[in-house]
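What follows is chain A paired twice: with chain B in the first complex and chain C in the second.
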Partner chain A sequence: MTRAELLLQVLIFSLGFFYALVYYVRVTEPVDLQAVSDQLFAYLTSMLTAAFAIGIINLTRIHWGNVKGRRPAWKYSLVLLVCMYGMAVASMIASPFAVDPQNVVIPASLVSLVDPIWEFLYYKVLVSVNATIFSLLAFFIASAAYRAFKARSLESSILLVAGLLVVIGQAPIADLIWPGFSSIRDWIMAYPNTAGQRGIIIGAALGILAFSVRRMIRYPWGR
Partner chain B sequence: MQQSIRNILNPSTDNCKKSAYVMFELAKGRMAQALLLMIVLTAIFAASRIASKRKLKTRGIPGIERLDKWIKQAADLNRPVFFTPGTGAVTTPDTLAALALLDHVAKRCAELSVRLIVANADFNVHQVTEDMVRNAYDKAGNGQLYSSDSVRYISGRQFAFAAGVMGLLRREKPALNIFVGDYQAEALEIAEAGRDEAIAQFGGTSNVDQLPFFMATCDHTLIGEELYTAQGYLTDDPHAISSLVGPDAGKIIAILLILAGALLASFGNQLISTFLKL
Partner chain C sequence: MMSRLIKGSEPRIIYLLLGLVITVPVLSHAVLPVPVTKTTRDVYDFIERLPADSLVVLSFDYSTSTVPELHPQAIVVTQHLFTRPLKVLFLAQWTDGPALTDAVLDSIDKGDKRYGVDYATLGYIPNTATLIGMTTDIRQFFPVDTMATPTDTLSVIKQYPAAKETSLVLTFAAGEPGLSAYLQYWQARLNIPVAVGSTAISAPGFMPFYNSGQIVGILISMRAAAEYETLINQIGISGATPAMMAQSMSHILIVIMVVFGNVAYLARRRQSKEAAK
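Our next item is the complex of A and B:
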């Protein structure tokens, strides 16, 4: 390990240990460690947020390169760039995140002109398109379920039957056919499903613990 | 200076109480957590040392063993490998585990001269992946294969990211689609698009709500802790194998606690649950 790597590792370990200590022990004097950790976290958040420009630069570079080189689907890249910068400018002028809410520099007439455009683009276009992509999930779930629920083995047959019972139990008509469907659904969700999920969560938590400790100390496991 | 030291050593003076007294208290409701954490960490270290000394063999994860084969298949077919490390921030454990896997995948792709495309949803993750992939290709002597288009930032918004990745998958038609990390509802959309376009699909997450969709669409899925231990299988370091045994030791402690607590609670004894609330 080089000196720089060692220094970095000491820093990582110190910060990790500090946050773990603050979580379990409240030290109020002579220094309020909780306040120190909150402040450190605020600095970290600021540093991470400042990197958003990297994303914008990367998007601009790739899609402008597509437009300049007339690569396949370059027109979509042009639409992306126009929408990205157009929305950014409109948001800066007239939105809840406007840079000049007091209209010191930007005239109020421009704000009142851009405001309905921004509202249309956000509420009628962006939110709607978001909902459209989200709604694709319904069809994808159906196609994934069609592929997955096949009685190839004992386990897949049990999965098929359990899935069928839960789906029927969820339907409003289930109680009209037979009141027991809701109870079966509730039992499956409350017991086997919850037990399986908790087992995975416990395993994942222990994996995270070992992974995090290994990252903190780069412990040569076994030596 | 000497006076202040004398004050600290002599507990009878008022100055000592003001200057040497540190106010601290154990956080309420976390004492048992801290104790359990120390026990589990001790078990993890001990199990790892024992496993390393006895050179224990662990069960393999079939998908991990086939990962290299799939990358070689991509090289034979002259098609790229597609990788997405999830939509989580760089500070989430799932994303860190995904980056550890990307390190291996990037090295293998660079060695086999396979084009690797990485799509990111977080700009901080983007910086890390860009650096990682570029270094991998430079070290393998295939720097000419890396281009600025290889690692892309798509969008921070969930479904804009999903739409962007779906479009990339349909245009690039990779031989292997790897998506591991922190995923929410967009996972199924990426998985379905990948299933249509890619020959093989490899997924992994610890989000229990999304795991069923991964299982239904991927050729292999890393479930929960397998995501964090995957790196142990991929490295050639024999000591890394012992890191796979450590979490199993923690699981044994968890199982014993659950059994003891359930048994005692069945007889009306709340000892374990009271202890855990300390």
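Our next item is the complex of A and C:
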């Protein structure tokens, strides 16, 4: 292990141990460790902002390279760059994310010109396109359910029946057909589902804990 | 075509049928009575029981893709809060949140509520640090609101300088960051009641927290918005109730298709067994 790796390892271990300690033990004297933890968390803001900037620089380098070199599908790269910078500039001038909402630097006339453009791009284009793509899932789910949801074994049959009862129970019309559908759906959600979800949550938490401890003490992989 | 449908290799018929059962009810404006589920009623009752002047935080933790499911919930809950003598702060853990907050505020009847006095939009929370920090001092982490007004000039912030005094936080959560941050840092540390508006697909994952009492209620998908419209007696305000007939018909179609697919599958299996004999 080089000196740099050792330093990094000590840092990872110290921070991991510190956050675990602060979460479970309240220490207020001589130093309020909770306040220190909150302050350290606050430094994350600047780190994340830097990560955003790196992401934008990276995207620009890759896609500008595609456009410049007329690589395959370079037109899509051009669309991406125009959309990204166009929306960013419009958002910075007029939107809830505007950099100068009081119009101290940017003239009000420019804001009133860009504002309807931003509103159109956001509410009429972005919202509609994203919502449409998400809603198309209904068609794929219907098709996939028809093809894959088969009673091939006892387990899959139980899953099939439970799934169908929840799907029916979630439709308001089910209560008009038979009020019992809602009760069955509520029971499935409250008991078998909760039991399964708790198992998944606790299992995942233990997995994360084990991974974190291994990372902190640099336990060799593969053992 | 029919044999390919039975074998499951012809999805176009399913797409066509699903398209029809969605479009026809939407165009016919048929309205179904929507029974109110317990998870939705719990959210409504909790808000109804809040004392006057209590602080409620609404967190818009979804993006434009989940607008069809979560935006109607945000509209009806905000409308409900604005009919009660409560103070409301709007936050967002997702970058789209502030714009969607504005869209909600533009689509409701604000009555006599005044910006800065009864409600304020604080905007985007970049990370958990802000979420934790604002529980002790909102002004330090949000020096200005989304309109660049200094937050220390807003009377709602003067009244509630720290978010630890929140009586309810409701997150409209499409994923992460969403509910878990509020559960870990607001509910577990400060005992602030939390409710969640979720997509249908996320709701099963939230049920353990609801059953353990860590969440006061769950609004599940667009149906919860329709139920909430019934509770606040403003049918159609979010567009959810008119959509319920289409949702019901599509669910029934999926159930019929799955049953049909299984009958065909079992018949084919029997045929091949008999042929093997």
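Everything that follows uses one rule, which is that the second predicted complex is superposed on the first by the 213 of 223 C-alpha atoms of A that agree within 3 Å, B and C clash if a C-alpha of one lies under 4 Å from a C-alpha of the other, contacts with A are read in each partner's own complex, and residues count from 1 in each chain.
Please note the rule applied: a residue touches a chain if its C-beta (ideal position, glycine included) is under 8 Å from a C-beta of that chain, and two chains touch if they have at least 3 such contacts.
Small disclaimer: the values here were computed from a predicted structure and weren't measured.
After overlaying the two complexes on the shared chain, residue contacts for A:Thr28 are found with chain B alone; chain C is out of touch. When the two structures are aligned on the shared chain, A:Ser212 is found in touch with chain B, with no touch to chain C.
Contacts of A:Met92 after superposition on the shared chain: neither chain B nor chain C is touched.
After overlaying the two complexes on the shared chain, residue contacts for A:Ala204 are found with chain B alone; chain C is out of touch. Of the two partner chains placed around the shared chain by superposition, chain C is the only one that A:Tyr122 touches, whereas chain B remains out of contact. Once the two complexes are overlaid on the shared chain, A:Leu15 sits clear of chain B and of chain C alike. In the overlay built on the shared chain, the residue A:Ile54 is in contact with chain B alone; chain C does not reach it. When the shared chain is aligned, chain C comes close enough to touch A:Phe41, but chain B does not.
Of the two partner chains, neither chain B nor chain C is touched by A:Val67.
When both complexes are aligned on chain A by C-alpha atoms, chain A residues 48, 130, 133-134, 141, 143, 145, 147, 197, 201 touch chain B in the first and chain C in the second. Interface residues of chain A facing chain B in the complex, by the touch rule stated above, are 23-30, 48, 51-55, 58-59, 61-62, 65, 72-73, 129-130, 133-134, 136-137, 140-141, 143-145, 147-148, 197, 200-204, 206-215, 219-223. In the complex of the two chains, the chain B residues touching chain A come out as 21-27, 30-31, 33-34, 37, 40-41, 44-45, 48-49, 51-53, 89-91, 93, 96-97, 123-124, 126-127, 148-149, 152-153, 156-157, 159-160, 162-163, 171, 185, 188-189, 191-192, 206, 208, 211-213, 215-217, 223-229, 238-240, 242-243, 246-247, 250-251, 254.
Interface residues of chain C facing chain A in the complex, by the touch rule stated above, are 8, 11, 14-15, 18-19, 22, 32-35, 37-38, 63-68, 95, 98-99, 101-103, 121, 123-124, 126-130, 132-133, 136, 146-148, 200, 203-205, 207-208, 211, 220-221, 223, 226, 244-245, 247-255, 257-262, 265-266. By the touch criterion given at the top, residues 38, 41-45, 48-49, 95-97, 100-102, 122-123, 126-127, 130-131, 133-135, 138-139, 141-143, 145-147, 149-151, 160, 164, 167-168, 170-176, 179, 182, 186, 189-190, 193-194, 197-198, 201 of chain A touch chain C in their complex.
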